[in-house]
Each structure stands twice: as structure tokens, then as C-alpha cells.
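Think of it as A, B, C, D, E, F, G and H in the order they're written, each chain with its own count starting at 1.
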Amino acid sequence: MEPSTLETVLTAVAAGRLTVAEALDRLKPPEVRWDHDRRRRRGFSETVLGTGKTFDQVLEAVETARERPVLVTRVDPAWGPELERRVPDAVHHPVARAVTVGPLPPVRTGPPVAIVTAGTADRPVAEEARLTLRVAGIPTEVVYDVGVAGIHRLFGVLDTLRRARVVICIAGMEGALPGVVAALLAVPVIGVPTSVGLGAHAGGFAPLLTMLNSCAEGLAVVNIDNGFGAARLAQLIWQTAAPPEEA
Amino acid sequence: MEPSTLETVLTAVAAGRLTVAEALDRLKPPEVRWDHDRRRRRGFSETVLGTGKTFDQVLEAVETARERPVLVTRVDPAWGPELERRVPDAVHHPVARAVTVGPLPPVRTGPPVAIVTAGTADRPVAEEARLTLRVAGIPTEVVYDVGVAGIHRLFGVLDTLRRARVVICIAGMEGALPGVVAALLAVPVIGVPTSVGLGAHAGGFAPLLTMLNSCAEGLAVVNIDNGFGAARLAQLIWQTAAPPEEA
Amino acid sequence: MEPSTLETVLTAVAAGRLTVAEALDRLKPPEVRWDHDRRRRRGFSETVLGTGKTFDQVLEAVETARERPVLVTRVDPAWGPELERRVPDAVHHPVARAVTVGPLPPVRTGPPVAIVTAGTADRPVAEEARLTLRVAGIPTEVVYDVGVAGIHRLFGVLDTLRRARVVICIAGMEGALPGVVAALLAVPVIGVPTSVGLGAHAGGFAPLLTMLNSCAEGLAVVNIDNGFGAARLAQLIWQTAAPPEEA
Amino acid sequence: MEPSTLETVLTAVAAGRLTVAEALDRLKPPEVRWDHDRRRRRGFSETVLGTGKTFDQVLEAVETARERPVLVTRVDPAWGPELERRVPDAVHHPVARAVTVGPLPPVRTGPPVAIVTAGTADRPVAEEARLTLRVAGIPTEVVYDVGVAGIHRLFGVLDTLRRARVVICIAGMEGALPGVVAALLAVPVIGVPTSVGLGAHAGGFAPLLTMLNSCAEGLAVVNIDNGFGAARLAQLIWQTAAPPEEA
Amino acid sequence: MEPSTLETVLTAVAAGRLTVAEALDRLKPPEVRWDHDRRRRRGFSETVLGTGKTFDQVLEAVETARERPVLVTRVDPAWGPELERRVPDAVHHPVARAVTVGPLPPVRTGPPVAIVTAGTADRPVAEEARLTLRVAGIPTEVVYDVGVAGIHRLFGVLDTLRRARVVICIAGMEGALPGVVAALLAVPVIGVPTSVGLGAHAGGFAPLLTMLNSCAEGLAVVNIDNGFGAARLAQLIWQTAAPPEEA
Amino acid sequence: MEPSTLETVLTAVAAGRLTVAEALDRLKPPEVRWDHDRRRRRGFSETVLGTGKTFDQVLEAVETARERPVLVTRVDPAWGPELERRVPDAVHHPVARAVTVGPLPPVRTGPPVAIVTAGTADRPVAEEARLTLRVAGIPTEVVYDVGVAGIHRLFGVLDTLRRARVVICIAGMEGALPGVVAALLAVPVIGVPTSVGLGAHAGGFAPLLTMLNSCAEGLAVVNIDNGFGAARLAQLIWQTAAPPEEA
Amino acid sequence: MEPSTLETVLTAVAAGRLTVAEALDRLKPPEVRWDHDRRRRRGFSETVLGTGKTFDQVLEAVETARERPVLVTRVDPAWGPELERRVPDAVHHPVARAVTVGPLPPVRTGPPVAIVTAGTADRPVAEEARLTLRVAGIPTEVVYDVGVAGIHRLFGVLDTLRRARVVICIAGMEGALPGVVAALLAVPVIGVPTSVGLGAHAGGFAPLLTMLNSCAEGLAVVNIDNGFGAARLAQLIWQTAAPPEEA
Amino acid sequence: MEPSTLETVLTAVAAGRLTVAEALDRLKPPEVRWDHDRRRRRGFSETVLGTGKTFDQVLEAVETARERPVLVTRVDPAWGPELERRVPDAVHHPVARAVTVGPLPPVRTGPPVAIVTAGTADRPVAEEARLTLRVAGIPTEVVYDVGVAGIHRLFGVLDTLRRARVVICIAGMEGALPGVVAALLAVPVIGVPTSVGLGAHAGGFAPLLTMLNSCAEGLAVVNIDNGFGAARLAQLIWQTAAPPEEA
């Protein structure tokens, strides 16, 4: 804590302008510390991750943000409507398990980030990725349910994937799709293992290992269910060809 | 130990026909106990697994077998030539890490068991499977190096696989091939994960998990590097359509 | 997305026949993509796996299926009655955690697939396997609760198992039964580890490892609790001796 | 196998132009199957991975390649000099554990791929990445030994990293460096965990988990020690801004 | 059980002063066995860990304690108010998931134990540590949310950390902060991994491995979420420079 | 199924004495198969394990048992009262999570089985062990809460342990107590790891590994939380010195 | 170190009777600390475990032992002959990987400890157990190679097992034998998993988990390959019926 | 690389003062980057870890160090004599697997760091810790072989441990000693798990988990076999009471 802050508060207590309880509350350390420098340094502002936070901490984070839009990920289903009620401009996106606050920027022109899932159940992860890119103004195109158990479905959408600048490929179960997709394309592919599976799936470790061990060259892997992280990586790659300054 | 055996030995010692050392040697428990009933019960005779055995134990097993041919798997590279020297009719198969003893039966007619590998390095496992089936008189056809990183190579051999009665599909690395193959065929497919891999491959657990979690329906899985077990399973399935009695 | 579809929708919007909201809804990517080719390619049609899907996605899948019967596996207990209410011909099978839609085919003649469980608690997995085979018209015979802790119970049903063309053997706890069963039979045995267990059971990994490491030759293994996958594998093996065309 | 090939060989045997042994040799399945289409499809030709292969298989692969240069990775230390002796234009790169065959293309202009390691012992992985990019004609800049235990060393090279188009960050031990680096940059960062470590390092799983769980947004992860895969991913990202056709 | 106790009870039963049921109740073994010697031996009294206990067992423990204050950790949220109602001087600390009973000692003078967290969600662990030190009369200073994804936030509080005698550093996700902090300081640092994370976080094993493998020299590690254990270790280190006798 | 049973049922259907539904119900395979031979073979009758069973299956098991008393372990808390209501002589033991049905045998004379726990929270496992031994008529003596964090508490009860014929030692957390106890005694000690723990406790795998790796010679280990199995092992050891026939 | 020892040495140095180097050598802490009290306390003397020790440390241990015989386990194959050469009465037992020093006691009368192995390769573990019991004067009977893949072999030796007081059952691969054996007997059975296996055997963890999860009641488990520990446990159980004093 | 360095080299090449090969050599990035600031920042200078480095890299590190003494840990046994030959003042410490270069500072006065091992085989880890503290001038006292299997040996050295300011406690096998020691002392205890063990020891993970889950409060844990890290932590704690400036 800054000594000057402490002095100010103690002076106020001494003068009777603050009760001891009020003073203690002022002097407690801040629970949320925004990285206000992130946009300058990385090209995007900080995001609020809901996991492990209380509702009040999320609310404090949203209210102390200096920029708009704010993206809140992994929100408890019950928090979405409550945030919409208490925060102006908040919009709940239930499938993506996210909330956005403030107007979104226009979508930029250029080849999209293709988001492809192996199964229908992978949709929440795909939506988190799509929304994260939408908030950043990056164009996307989504294709669902083209898993390797019916591989001709993949060949039917191959042209869509070839037109993309980057591909995010999301798969649970055995997670073989990203390797098969990467082996067919000349653009970067980001594999996202999901926790959708049964039995020896180990909460997503099975598809994670599949992707890490893929014999397809040049497959990027991110954490299980991490649609947000995949989107950020896709954004950075997308901007390699079209830097933010050009927008 | 049978009481009668013990009595016989003790009598011989008492009569001076056996020294104490000889008696101890006769009374020591046998280290190898053949399952002579296996052919009647299961349709094939017992195999000698070299792993963990000493050379003398393997030799004892081969010499006490009542049937020919005998298959010895997982033989130490140094044992092959030694067995060829000491056992009549022994043949060393170095790639398959195996030895056969005695004449092999003729190969039966019918659709073959196709053996397909994802990589060149999976060849020892494929050879163990092929030799096991050869010893049982089951026809085989082998196809190497058609991994998913160049999936068109698989489509080039699809007709071969469709003509098979059973397919054994062997893959290390991420082990995605068996699921992709199974999804394209109407015959039983047996996946064999191998220990060929790098990094987070975990000695073959990565492709093992991939195969167990495959979204392709009806894929049989066996242990890592278990070409022998895959062949036995293929034999039992092959004989479903052509029982041994018909041979 | 097909360019032609896009053009049709845009034309309709331009003509005022569609609102923007309606157009967006039409243009959203389909969440379920049926593999309509699966029957021709593999001998059975695609199944709807309930895991990870929403009720609406399951409903969409059932309604867009081109064939009957449809099998839905791993349905939420609450969905069964709701599907029966909303889908004609839907039947909920609560023990098997499944729903079938449409008339089932007649049961074919021939040696059955025997389904044997080690414990009473393995019944849901056995029922999923039995129902899957029933939907495919394959005959079955079920035997419960013959675990190795009272191995004479197994010998009492051995004749039943010997009459089968394929055996599915389901076991939780230490999962020793499939190896013991396989060692006594001359037909293919499929081991299914289950998540029924205590302590160091690791959610079914303990019996899974037991089956993979079995010293009984020729045991096929599928994923934990995967009664459906075991049934599909059994069907493919069963049809090896009696191809679907012969039915 | 092609029926025509078989017929040709059998005819030659019948005519006495081939012995049975020669015929068997001709009819054995090829062990190496080149993916000659890879350059057209993915923008780079296939690489020969030495792991698990015999020397003869590697030699066959190099000799049947249709393109130059060929990159051979993970070569046994003893093979390098032998390949140099037997293959024209082969060059052994011992630190990178690789061999290149044929003249390398010129290095293209543009911002380099920065390759940064946390420790001195990570150098072989860095060299494999550098050589892979060199073979592809992508410019690189290498920085060694800037681990987080002396984080000011990182700040000393930050300008170098900011000038790069992509960063490959290699770290063993706890693997914290890639997350710290990514958090400071606006370009894509690829984390490569290495097997350099002690105790509970688990062969590289510890830094692998660190990178996957990084709270730095947009970090791409590849397999343990996979310098080659990181380079291929970096190449695909680099070409996003400068497609191969422009070279 | 002491023979004398048994005799007393039996005598009372014989005399009709106790019913059999009352006697059985008296003779049942005590469920809680206080380590009354702990303060003399270790410098602090025993703590009541709520995990796995029933409410009645916790209550019995509190009521049979010979000293005040008593610290109860990991209390069920519902137990706090109930303990406040039934035990004089009990105070519930909901964020720390703890209850204290009896007056706390004054805070000693000297450099504080700094408690720093990587994220907002790590606060309960930090509070448990802070309260444990408060109960022992050790001064603390808390700093929240200075994770490595915005490392300049750490540099902003470095002076605070340098003034501390010991630092407790709490981090979930990839757990890189304690290593980075330790590398910058000349005082002992205690790393506490937390269960706050996503995907391949493995319930806190990921940050645990990160801290154990840290290349920063001299980092102490305690169990996942173990704010209490970190505080006890910090107390013992703190007292190295200022033994309890000096207080 | 027995052919004779099938014939009887079909005849009854043909005669109109059974409806088809009734016939199907009679012909369904029995779900519970008692091992009525267990007492003769092993010295104790079969137990009903509640885990994974439905209430109806447990009820069927209890009602078809040929002997009394019956022990039912791991019963759902809600089932206890229901079984007491529906089954004569059923008694619910909530701490032991068990139900007994029928009168218990008298307790035999002889040195008891000592049951000692490291913590208060290990009580349910201790109670399951105590009750299992009580049902078998084996004398027990229970000592709670003597963990190694206050090792003098152990020395206080050492005489009790030395008087026992067998010791069951139950411990969660790090599970060090059984090794320390075994090292002090000349009687067999059975270690039972429990799932009571925090953080890196891994559901009881931590104390399990501790006990398996103990440097104390001659420590028997059973599964996590397996108070029942420990009791059965203790009973078999106890009877080594006092066979059931002597009772 | 004892102050008196230190004083003696310093006095000798001062008097010139010891050089500084000699004094340092005398004052260095002893590396081996015999537990001379073990026989009184536990009924057997301490054993020397070779693992991790240097030859000199083993030699020091043997030479400082106060009792005979001494058992040394896990000796390096090269140490056996060297110990025989340097220590009077030392005998090397190469299969058991052990050395005994001094005359062995007579074998006591009574039912033996039966030692049964599932495979031929488990023999070293069986020999370690047999020798440990021999050194303690406990009678044994050994039966090899009766694994569950040919379960009739087990029934052939069942009478032998029923005559034993305790059974040690040793198995690698899937480790199912101990559970099957225990389910057939009324005496305590000790399961010893071994590291003999292939693929997903995980160095013996697969059979270890099998034994821990066995549905056979009352199976004791010890560490992987721990023939010594199994023997010590068997000895303690054996002595329950025949205390050492009675010998 | 600094632009100025590059310019200088290029100028020299242009002037013919450097060949191209010499220039390339000068321009290659340095492989070792000393953290010369470490002493000022942390109170001790950087150490050279031998793991994963080549001999030449270790030599370069030693030669470019600006301070003496230098400590090199985890040196290959063959490197010690070679370093003694090539580096003035180098001393090889084979048991500690370390080399020191330059004169060591005097040992400071004050209570020592006690180093206690559970087994004789843990000595190399103890020696690494002792030497690291010796190089830092911290007094130590070493006690070997007081494991919990003969716990009275621990009580015999308790006075030694109580006189210490910090205790390092090293244990393999089940690793119970540090928890037992910590529970008896009022000073900080640092637990070091070692890789000495058998069977399910998992390379040291078993004792690591034991220490992390210890119910003894306030036990610090470091990585497996990390005697060096334990010593650094002990040094920082020791200096809490006696800062380096006071020396």
C-alpha cells in the first residue's frame, strides 16, 4: 500500500471523518488489479475470467475497467441475467457462457478465421471462440459436426477451410480431427481438445494428447475447452497479415 | 507335488540310486507348466512369451512342448541364432522378434486379414502379427505407411482393406489411423497402439487412449505393441466365418 | 455454406419475404450433420449420442434422421419421457439409458451374442449393449453376476457361452472376468470395463488396464462403460459369418 | 498390391527370369510411402523422422525422395557420418540431430522468427527448429539462456523479440518462460516444453502443463522437445503475411 | 482404554447408577484426541481441520480444547453461523472458510509476512493464510492479483515484498508467479499452488509441478490450496529471527 | 437359461396361464446370483455391496439370501430406514454406512483385532471394519485419532495394540501411521488408506502409495476406504490361530 | 554425535595420537545405523536392502551386524561373488538376487507358506520370498506357472494351496491370479504384483491396481516385486498360530 | 545481437581481417548467459547445473563466471577429473556429484542446519545439500539413516535436531520421516523426497506426495532429489536470523 494513502486515511480517522470500519474497508487491498497496459502491449485489452471469482469480484472488475467493450468469460449461468440488470450495455451470451459489455467494433475485412467442430456437443467452446473474435473485430465462419467417423463430411467443407486465414479445430472424444484437418491445409491450424467424452477420456486429456502427438506438422495446441485462448492465438496470427494499425 | 513322486524319489535315495543333489533337482517344482489343453479349448496351442524369461526357461519350454509348430515371441536378439543352433527346425524371424519351431501349416483360402501400419517404424509389430497368423495358417496382406498426415495414401489402399475379412491397424504417434479406417469399412477393425512416438507420447498411452476414445463405432483395441494379441483376435474372428474344422 | 443457399436467402430478404432475423436463423450453420452414408459404408446407420448435447440438439438430430429406427444413447433420465411425448414411435429404455424411435427389425437367426456381467451393478452397460444389438436385429442372450469371486458360477453358464458366436463380457472392480472367460472359449470375446468400483478403481481405469494386460490371448477391449461400442463390434464380427445381405 | 505388378512378377518367375527369392523380394510391400503431394497441399515437402526407423529405412526414404532438399530429423548420432558417406550432398548437423540432403534455398527477407531458450541445455531443440526454418528459407534469430530465474536477462533481449514476426520459446524445468514472453508481446508465441529437468519434471510433462495452463492469452503449444513441429507452425504463420508465391 | 475407567463404569452399572446404554456410551472410545503438548513442542497449539469431520466432531473438538484461541479451518459454510450460536467467542470468517474461538493475541512488531496472489480467485487461500498468522500474532501484508500475464503489476509491489521477512506466494492456473517472485528476492518464498484453473489444470497439480520444478533457487512448496500450512511454515521461519520467547 | 425352465414357461403361455408380459418377466435373467457356497469354501457368507446397485437389486439380494445374518455395505443413507421398514430384523448402522439383517453371532474370546485411526474423520471406515468383524463374531478394540503429527499419542496406546492379534490401521492425509505402527509391533498390521485429505491427496492415492512403499516390513495393504476388506483379511488371519471349528 | 566421542578424538589429536585426517574420518557421521532392537520388538532382525547403496555401504552393514544370519536383498549381480569372497559364511543366491551370511536356523514344523506364481518369469520374486522365509525358519512350498490363461492348472494344485497356512500369490501381466486364488481358499492370501509385463502394464501398476480392486474379500497386497515384504507379512501371520517362543 | 557488434564484425570481414567462418563464429549467439546480478539481488551467485549441458558448455560457464567460488552441480562422473585438470582450483566432490572452483569462504558461527536422512542410500542428496551450504559458509551437521522403521533411532538424535536453526530431512521409499520430524520440532523443516525406492515408488513421486500431504504443520517441500534447492532454502531461512551483512 502506498504510505500516502495510509496517511490520508489515518488523518481522516483522526478527524472523525471516517469510522474505524470505513477506514479498514478503504485500507483493504484491492482484489482486482487491471492490466490497463495490455492493449498497448499486446493489441487487446484484458478479459475478465469468471472461474473461481465471486459475483461481486466480477462486478467490481467490470465496473473498474477503463475500456469498452469488456469480455467476461466462463460466467455462471445465473450471473448473466444479473449482470444484464446491473451493468449498462451488458449482453449475456449463454451458449458461449460469456457476457459482453459495451458496443462491439465493426468486423474487419479479410479471409475469416474458420471454426470447425468435430461434434455437436463442442458448440459452447466454438461459441466462446467465435464471440472472442467478434469482440476483437475479426471475421469468422463456423462449421459444426464434421468428425472423422464420417470423414466425407470434412471433404464437403474443405473449400471453406481453404479460404480461411487461420483454422480453429475443436474436438472431444479422441480428438483426431485437428490432425486430419491440418494435414490437408496450408494455413495454421489451432487444435482445441474438449472435455466432451466418455470413459477413458480423462476429462479431455485423451484428445489433448492426441493433438500434441499428431503426426501432422505444424498443429498449434491450446488447453482443454479453451475456446477463448484459441481465439486470441488466431487473432494474433490473423493480424500478422493485417496489423491492427491497418484497420 | 504329487505324494507318489516324492515317494519314488525318496525310495531311490534310500536305495542309493540317487544322490541327495540329484534328488533335490528332481523334486524342485517345474518352472514351466504347459497348457496342453489349449488347442482343444481355444483352437490354438500355447505360445512361449520371451519377456522376463531366461534363455534356459525358453529352451525348456520349447523342448517340453508336445506340439509343432511352436511360436516363441519377444525373443532377445541374441537368443534367435542360439535357438536355431540348439533346436531342430527352429527359425529366427528377427524383424518380428520371434522364433518358430517346426513346419508351418498350409495357408488357408479365404479373404485375408489385412495388416496396415501408419508408419514405417511400426513394422516390427506388424511382422509379429503377420507371423502369428502365418503360423495359424490364416492368409494376410500387409500395407505399410499410410498415416493420416497424408490421408490420400489411405484412400489408395482402401480397396485392399475392403477385400479383407478383418483389418489389423497399427499406429504409434497420435494413433488416429484405426479410427479413420474403421469409419470407412464394414468389417471388424483391430487397433494396435505402438510405442513409437516422441515427447508426450507416454510410451504408447497416447495412441492407446486415442483408439479407446474413437468416435468410430466398433473398433477393437489391444495392448500397446501387442501384434501377437491382435493376430489371435483376428484369427478368432476370421474363424467365425470359417471354423477350423472346415480347413 | 453453399453460395447458392446464401443467394436464395439474400434474395428473399431483398424481396421482403424474410426478415433479417429470419435470414440470420436460416444462415446459421447446422449443428447436427447426419452421416447419411453410414449404412451403405459400414452396415449400420448413425446413432445419436446424448452426451454433451442439449435436449434441442438431440431432438433436431432425431427429427432430421432419414432412417428408422434411430437409436439415441446416453439420454438424460428426464429426456426419455419428453422424447416419448414429442416424437412419434419413440420408446424410452431407462435401464439402458437410451431411446429408440421407430419399429425394430426382426431378430435374425443364428448363434446369439452372449452378454455376461461380473456384477449386478454392471446391468446398465449390459442393457445398452443388448438394446444396440436388438436394434440391429442380432440375437442376444444375457447372463448376470458371474464374477470371479465365486468362479463356480461362471462354470455353471459356460455352456451358454460356448453356444454363442461372440461374447461381450462386462466387468467393473478389478475386471478379471473377461480374461478368465476368454481363456475358456474358442470364440471372440469383447471386454468392457465399467466405472463400477471403489477406492483405487480410478473411474474404470483399473479394470481397463486389467483387460488390456490380460494374458488370455485374443481379448478385444473397448472403452469404459461402452456397451454401445462393444455391441457394434460384436455386430461386425457376427456378420462376418452371416453378412447382412443374407438376412 | 497392384494385380498387374503381381502378374508381371509371376510371369517372370514362370519364364525363369526371376528366382522365387527374387520374386518374394519384389512382391514385399514397400516400407516407405512418400507423400509426394505434400508440397502442393501444405507448402512444404515431407520430412523423414528417424525415430523408430532402421538405418536402411532412413536410407531408402532419402533415396526415393523426389525433391531436394530433404530434411531428416532425430537421426542416431552414428548415422550422420554414414549418411554423409553414402548420400551425395548429405550434411550432418549434430547439435540439431538432423541431416539435410541437397542445396538449401536462399533465405527470404522479412522479420525473422525469433527462437529463444530458457536454458543452455535447450539448445538441441532450438537448433532443430532453426534448421527446419533454414531449410524452408525462413529467416531466424536465436537467443539463448534467458530463463525467468534472472528475468532481467529477458528484458535485455525484448527488443529483439519485438522485431520478430513469430517467436518460438523453448523451456524445460518448470517452463514458465513462454507465458512470460507471450504476455509482453503482440506477436504469436509458440511454446516448446523440453525434457530437460530433474525430479518431478516427468519427462517434460511439467513444463508442458505449465504452458497449456498459462494465463498469458494466445500461447500456442507443441509437443515436448518438438523443435521441428514448432518450426513448421512458425513457417505457416510467417507465410500468412508473406505467402510462398510472393517469394 | 484405561482398566480403571472400565472398572468404575462396571461398578456403576452393577450398582444400578448407570443403564447399559449409558455405560456403552461412556465406554466408547473418544473420537477426538487433542495434542495438548503441541504448544510446548512446536510453538503453536493444535488446529481443528474441518475436512471429513461431522459437525458434532468439530463441536466436540472445540469444547474439549484446553487453550484459547482455537482455530478451525475448512468449515462447511453452514457450520460457521451454527458455531457462532453455540460456542461463546466463536467468530466465523467466511472468505477464509474458518472459525476462531476466543480472543486473538496482539500482533507482534517486525517485518511482516507478505501474502501475494496471482489472481483474484486465489483470495480464499490467501485469507486462510492471513487469518492463521493473525491468530499466531504474526504481522502480515496482503497484495492481490499480480499474475505474470501483466508482469509490470508485480514490479509495482516489489518494494512491499522486499520489506517482508517471508513471502507467501499463491497462484493457480500455471503457477509461475512464485518462481518469478523468488528469483527477485533475498528472503524465503513459500509457493502455494491453488485449485483455481481450467482444462489440463488437473485440480492444481499443474501449478504444483510448476513450483516444484522452478529454476528459481530456494522456493518452498506446500500442498494445493494449503494456505494454513504455508502460514505455519511462514510463522516458523519468522520466529527464526524473533523467537516466541522474545515477544 | 435352463431349457427346462423355458419349456415350462412356453407351455404355460400356450395354455393361457401366463400372458406374454408375465412370461417375459419370468424369462429375464436373474440379476443377483448368490454365491451360496462361500461359507463352506471361505469361512464366511457372501456380502451385499451397495455400490452401483439400485434399491430393488439390494432388496432382491437380501430377500434371496439363504443365511442370516446378512451384511449390506455402502448403503445409500436413504436406503437404511427403508430397509429397516421392509425387511424384518434389518438394522441400519449409519456411521458404518451398512445394514445388518438377522441376529448377530456371539463374540468369540481371544485377543481382539485392534482398529486404530490416524484422524477423527477416518471413523466411517473404522466402523465398517468393526461392524464386519462383529458380524463374524471376532472381538475388536477401537482407538481413534493417534496420527503421527502428535506421535506421543500413539505411544500412549501402544500397549493396547500389543495385546491385539491383528491390527487394522486406518489413515488418510499422507498415510504414514500404518508404517510407524507396524515398525513397533510383532503382529500383522493391515493398512487402510482413506479418501480423507486435501490438495494433492488424489482421492486417497497419496496414502495408498505411502503404505505400499513403507520401509516397515510386513505391512498388508488394502484398497482405499476398504474397511470391509481389511476386516475380512483380519478375520482370516485371526482364524489362523483360532479356526472357526474351534468356536 | 556424542560430546564424549568428540572430546576423546580432540584429546587424541591434541596429543598427536591422531592426525587431522584420521580425526575427521572418525568424526564423520556413521552411514549405516543398525536397528539392533528389531528382533526383540518385531520378531526378526533388520535386513540389508541393496537398492541405492554402494558396495562399501553394504559391506559395512554386513560387518557391523551383531546377529547371524544376515539377509542382504536386491544385490547387484556383481556383488554376490565379491561378498562371498570377502565375508566368511556369505552365500550368494543369484535367482533371488540375495546374499545370506551365517548358518540358517532349522525349518520349523507346521503347515507351509505356499508360494504360487502366475508365470515362469515371476520366479525371482518367488525366490526372494522363499529365501526370506527360509532364513526365518518358516516352511514353504512353491508352485510355478499356474496363470488364469489356463485356469485348470490352478485347480490341479488347489489341494496344495488348501494345506497351506498362508498363501503368497505372485503375478505380473494383468495380475488376476491372486483374486481368483483368494476366492477359493479360507486362508489369508498375499498378492504380489510384478513388473513382468508389456505395453500398458505401467511397470507393475496394472497388476497392482487389479489386486487392490479385487472383488475377492480379504486379499492382502504388497508393493510391486516385493517378495521380501510378502514373506515378512506371511511370517507374521504364520506366527499368529505358532509364536516364535514355541519353536 | 547488438547492431554495433554486427557492424564491427562485418567491417572486419570486409577488410579481410576476419574470414567468413571466423565471422560466423563470432556472430553466433552466446550459449551461456550469466546472471551476474544474482548476488546483489538474492544473496548468492548463480550456480552451474550440469544436467542437459555438454562438457564444453559447463566449461564455458565456469570460465566466464566473474566470481569465485563457483558451484557446479549434477556433474557427469567423468567430468569431475577433467574439470580438475583443466580449471585451476577446481575440486571434484564425487558423492555430491559436484565440483567447486575457487577457495571456499569461512564457515559462519551460529546454530547449524541439520541434515538428516532416512536411509543410507540417500547420502548423495545429503552431500549435495551439505556442500551447497558449505560453499555459502553456513554451518551444518549431518545425521544418516534414522528412518521410521526403527523410530527409536530418531529419538536418539532429537537433541541434535533441536539445536539446529533449520532442518533438512531427506527420505526416499514412503518418505514419512520429514513429517514425523517436523511434528517434533519448533524450527522450520525442509522435506526432500528422493528417487531411492522400489516398485510403486514412481521415481520419487510416492515420497513427494507423502510430504505434501503431511499432517505435520509447516513442512516445506522441494523437488525430488533436490539437495541443492533444499540447501538454498535453508540458507535463506538461516539468514533470516543472521543476515549476510552481519557475517
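Everything below uses one rule, namely that a contact is a pair of C-beta atoms (placed from the backbone, for glycine too) under 8 Å apart; a residue touches a chain by one contact, two chains touch by 3 or more.
Just so you know, these numbers come straight off a predicted model, no measurement behind them.
Asks: Counting only C-alpha atoms to place each centre, which chain is farthest from subunit C?
Replies: Relative to subunit C, the chain with the farthest C-alpha centre is H.
Asks: Determine the centre-to-centre distance between subunit B and subunit E, using the mean Cα coordinates as centres, and give it in whole Å.
Replies: 57
Asks: Using mean CA coordinates as chain centres, what's the gap between subunit F and subunit H in Å?
Replies: Using C-alpha averages as centres, the distance is 49 Å.
Asks: Please tell me the distance, in whole Å, between the geometric centres of subunit B and subunit G computed from their C-alpha atoms.
Replies: Here the centre of subunit G sits 35 Å away from the centre of subunit B.
Asks: Two-or-more-chain contact residues of subunit G, please, as numbers and ranges.
Replies: Within subunit G, residues 119, 149-150, 183-184, 197-201, 205, 208, 212-213, 217, 223-224 contact more than one other chain.
Asks: Provide the full list of chain pairs in touch.
Replies: Pairs satisfying the touch definition: A-B, A-C, A-D, A-E, B-C, B-D, B-G, C-F, C-G, D-E, D-H, E-F, E-H, F-G, F-H, G-H.
Asks: Would you mind writing out the residues of subunit H in touch with subunit F in their complex?
Replies: Listed in rising order, the residues of subunit H that touch subunit F are 118-119, 147-151, 173-176, 179-180, 183-184, 197-202, 205-207, 209-217.
Asks: Taking the touch rule as given, give the residues of subunit D at its contact with subunit H in the complex, in rising order.
Replies: Residues in contact with subunit H: 119-123, 141-146, 149-150, 152-153, 160, 172, 196-200.
Asks: Please give the residue numbers of subunit G that touch subunit H in the complex, ascending.
Replies: 1, 29-33, 35, 37-38, 46, 51-53, 57, 61, 74, 193, 195, 204-205, 208, 223-226
Asks: Which residues of subunit C touch subunit B once you look at their complex with the stated criterion?
Replies: 41-44, 47, 165-166, 183-188, 190, 208, 212-213, 217-224, 228-229, 232-233, 235-241
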